[in-house]
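Structure below; questions to follow.
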Amino acid sequence: MLVRFWGTRGSLAAPMTVQTSRKKIRNALRKSIGHDLGSDEKIERFIDTELSFAESGTYGGNTSCVEIDGGGDEYVVCDLGTGCREYGNAIMSKSVPQKAPVFNVFQSHPHWDHICGFPFFVPAYIPGNKIKIHGCHDTLEEAYRMQNSAPGFPVDFDMLGADIEFVKLEPGKEYAVAGMKVTAMEQYHSGDSYGYCFEKDGKKVVYSTDSEHKFESIDESYGFVDFFRNADLLIFDAMYSLADAISLKEDWGHSSNIIGVELAHRASVKQLCLFHHDPNSDDATISRILAETIRFEELSEEGDALKVCAAYDGQEIKL
Amino acid sequence: MLVRFWGTRGSLAAPMTVQTSRKKIRNALRKSIGHDLGSDEKIERFIDTELSFAESGTYGGNTSCVEIDGGGDEYVVCDLGTGCREYGNAIMSKSVPQKAPVFNVFQSHPHWDHICGFPFFVPAYIPGNKIKIHGCHDTLEEAYRMQNSAPGFPVDFDMLGADIEFVKLEPGKEYAVAGMKVTAMEQYHSGDSYGYCFEKDGKKVVYSTDSEHKFESIDESYGFVDFFRNADLLIFDAMYSLADAISLKEDWGHSSNIIGVELAHRASVKQLCLFHHDPNSDDATISRILAETIRFEELSEEGDALKVCAAYDGQEIKL
Amino acid sequence: MIIDEANYGSTLVLYPDGRLDQDTADAFQERLLQAVSAGKEAVIVDFSKIPYISSVGLRAIMIAAKQSKSDGVSLSVAALTPTVNEIFEISRFNYVVTIFESLRDAITAASDDALNAFEAG
Amino acid sequence: MIIDEANYGSTLVLYPDGRLDQDTADAFQERLLQAVSAGKEAVIVDFSKIPYISSVGLRAIMIAAKQSKSDGVSLSVAALTPTVNEIFEISRFNYVVTIFESLRDAITAASDDALNAFEAG
């Protein structure tokens, strides 16, 4: 399986500021002093070895959109936040289509940040394309139709070229889509949200964003431990610090890195991927949170070794 | 007057990609070879003199949000795209409020990219704050209420702490707001849009985005020439190339740099600011378009000298 | 605006002379649409005497380009002055019509019979 | 979980001993809430014998911190082991309660009478 992150930010798209861009340049130049940069190869090596990811790159700022490629002949993607503009563009830019033009969307929930890229998802405009929006909410079609209508958008939903279908799923039931086994699970979030588990060839990926884990999560029988069990990759909403998540931002429907590590350990997850980054966090902040999470995992000394990463727009994880 | 750009992108927020970030670093390092970077001062000077804006900085990727500060005691801002998250944060971060907590929003139109930052505009949550959303559309309140409601957003419009009022304006009529003279003008755009002219102390700023100028614009009597007349700053929707704007993207409601220069010349505008950048344009592309526009202005040899710039998130223009 | 013309086999060449702007674009557009509809295989506009083109001149070319496509006629421009060449690039009109460096290049691309006629003078 | 305590003037100090996790957090929370509600001016938790704290232990502190605020009682923690200190920072609990390097520092900050009683042994 291959997971491609097109959008990893929570709530609202958060582009890099001009100050941050200049700071990166300044920092790289400062660090370069005394290094031999006499060839492009040496420059690449300097960037790779002397600069951190946050110093040379960026986590990006597009909202949720994660492609799950199980090798099947149809496309599979979780949520259509702003990241889906680039996802659609990438598909359109291939001279030879990689798959049949059938797009299976799995919708965590219909909050704006998870659907707002759709009006700029070019495949939706192409006759002959099929878009199947899967989800457990009754309101998905209403949300998408409302988004693609006046007064918010000039192209009405019914004018889109693609054939768009809404597929209602039941949580806990197993579905076969694009050669993968897919299961949904209800999550605690305003208006409900759903996590999705994708399984193929003995590999398991769980997409679990916009999900708050309350006090009950410490119970032995907490359902998410089973849902996450042995996942090769757990994409986990770690938007807030634990302190914020259980005080000021209690019931805001998001979780923390601490809870992510604890649940991942209990479920024997192999890799935990921090997701739904706060739009107020810059690259340095996200990297700091990642480093702290890796450190907390070490300190917690529980369960099997757990790899931890922080998702970035453009990231690919092969399983 | 002071104009602060918080969001300058059209259609959909467009964060910088990890590839672009790394490319900037690589380019800066390559160009630094042979330069003495032995002090922070020298590094700053190198960045300022040897790197272009697109090489060291970024135009940003937030959608429309432009603050117009005429020195009055209330806030004035055009549109509430994603840029208004940072606008609101900046206001909240001041230990001493700069103005009375009254926010006068001038709404070009209610398309998503022009209202989508509002749920993350922190001042809207603060009791005692007043938000007046001015505009010529009958649908503004409907659009804002729909955005702040299920299934798209968890905090309902009526739960917002601020007192929010919608103020209907008539195009062509002069209003006094925050010490400025404000006039609206209807623009050609799907569902209509409105440009706003702000005047104070002999200075004039025109905010004219999401406005297509069709063939009639060559007529002597074309109304926008008067509307733009002698503007010190014209913020102009130059999203497309002229070729695209009059063929494939005809009637999509946007204009071009070429038409911007021609209209600005005819109206004796002093500074033309390219705005509503295409989300598919990276920093280098926007800089190239800016350079070409400056060149076209030189070639066109008409009217008074016209300064041309391309808006970026975080830019301030003093008039 | 004076617009000379010449026929080389199945190719028609127009030679407009002067600025292509609000004062001249209507006449230019009319003449260009006539040329495209004249039943020729190809129409070439020699731009060597056009010092400047404004948006309204470019618009005339766009309209003619659309017409030429639906009529199955090849429309191209040739011998642009440096200024006009830049304006074609800035406006992205280099993607709208094919631009040839010289009239001879455009005629060569149009057809053998056009080239023969052109060479014959 | 064994939780010793000591009173220094108007300040109560708790000395929990052992990991603060799922097995022990309930007892810790109960004891902590009692302490906060005991009518003292300040409650200090000496963390020197806590090798580890999990989210549920932190949650107990959050609940007690909220209670202490509404009761007008000062709640602080002191003498964190290096691991627990890191976990407080990672979870941002350093913004939830005041952390003192040593119990003596915490007592000094609490009140003069507490310090006097503490010094007196």
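Letters are used for the chains, namely A, B, C and D, taken in the order the chains are written, and counting of residues starts over at 1 for each.
Here is the rule we go by: a residue touches a chain if its C-beta (ideal position, glycine included) is under 8 Å from a C-beta of that chain, and two chains touch if they have at least 3 such contacts.
Since the model is a prediction, treat every value here as computed from it, not as a measurement.
S.K.: Report the inter-chain centroid distance for chain A and chain C in whole angstrom, where each centroid is the mean of the CA atoms.
M.R.: Result: the chain centres lie 52 Å from each other.
S.K.: As a quick test, compute the distance in whole Å between the mean CA positions of chain B and chain C.
M.R.: Centres of chain B and chain C (C-alpha means) sit 38 Å apart.
S.K.: How far is the middle of chain C from the middle of chain D, if each middle is the mean of its Cα atoms, in Å?
M.R.: Here chain C and chain D have centroids separated by 85 Å.
S.K.: Which chain D residues touch at least two other chains?
M.R.: In chain D, no residue touches at least two other chains, as defined above.
S.K.: What positions in chain A touch 2 or more of the other chains?
M.R.: In chain A, no residue touches at least two other chains, as defined above.
S.K.: Looking only at which chains touch which, which shape fits best: line, ring, star, complete or other?
M.R.: Contact pattern: an open line, chains touching in sequence.
S.K.: Return all touching chain pairs.
M.R.: Per the contact definition above, the touching pairs are A-B, A-D, B-C.
S.K.: Looking at the complex, which residues from chain C come into contact with chain B?
M.R.: These residues of chain C touch chain B: 22, 52, 54-56, 58-59, 62, 66, 83, 86-87, 89-93, 95-96.
S.K.: Within the complex, which stretch of chain B touches chain C?
M.R.: 215, 218, 241-244, 246-247, 256-259, 262, 292-293, 295-296, 299-301
S.K.: Going by the contact rule at the top, pick out the chain A residues touching chain B in the complex.
M.R.: Interface residues on chain A, with respect to chain B: 9, 11-19, 21-22, 24-26, 28-30, 32-33, 37-38, 40, 43-44, 46-47, 51, 55-62, 82, 85-86, 89, 109-112, 115-117, 119-120, 137, 139, 142-143, 146-147, 150-154, 190-191, 252-253, 279-280, 312-315.
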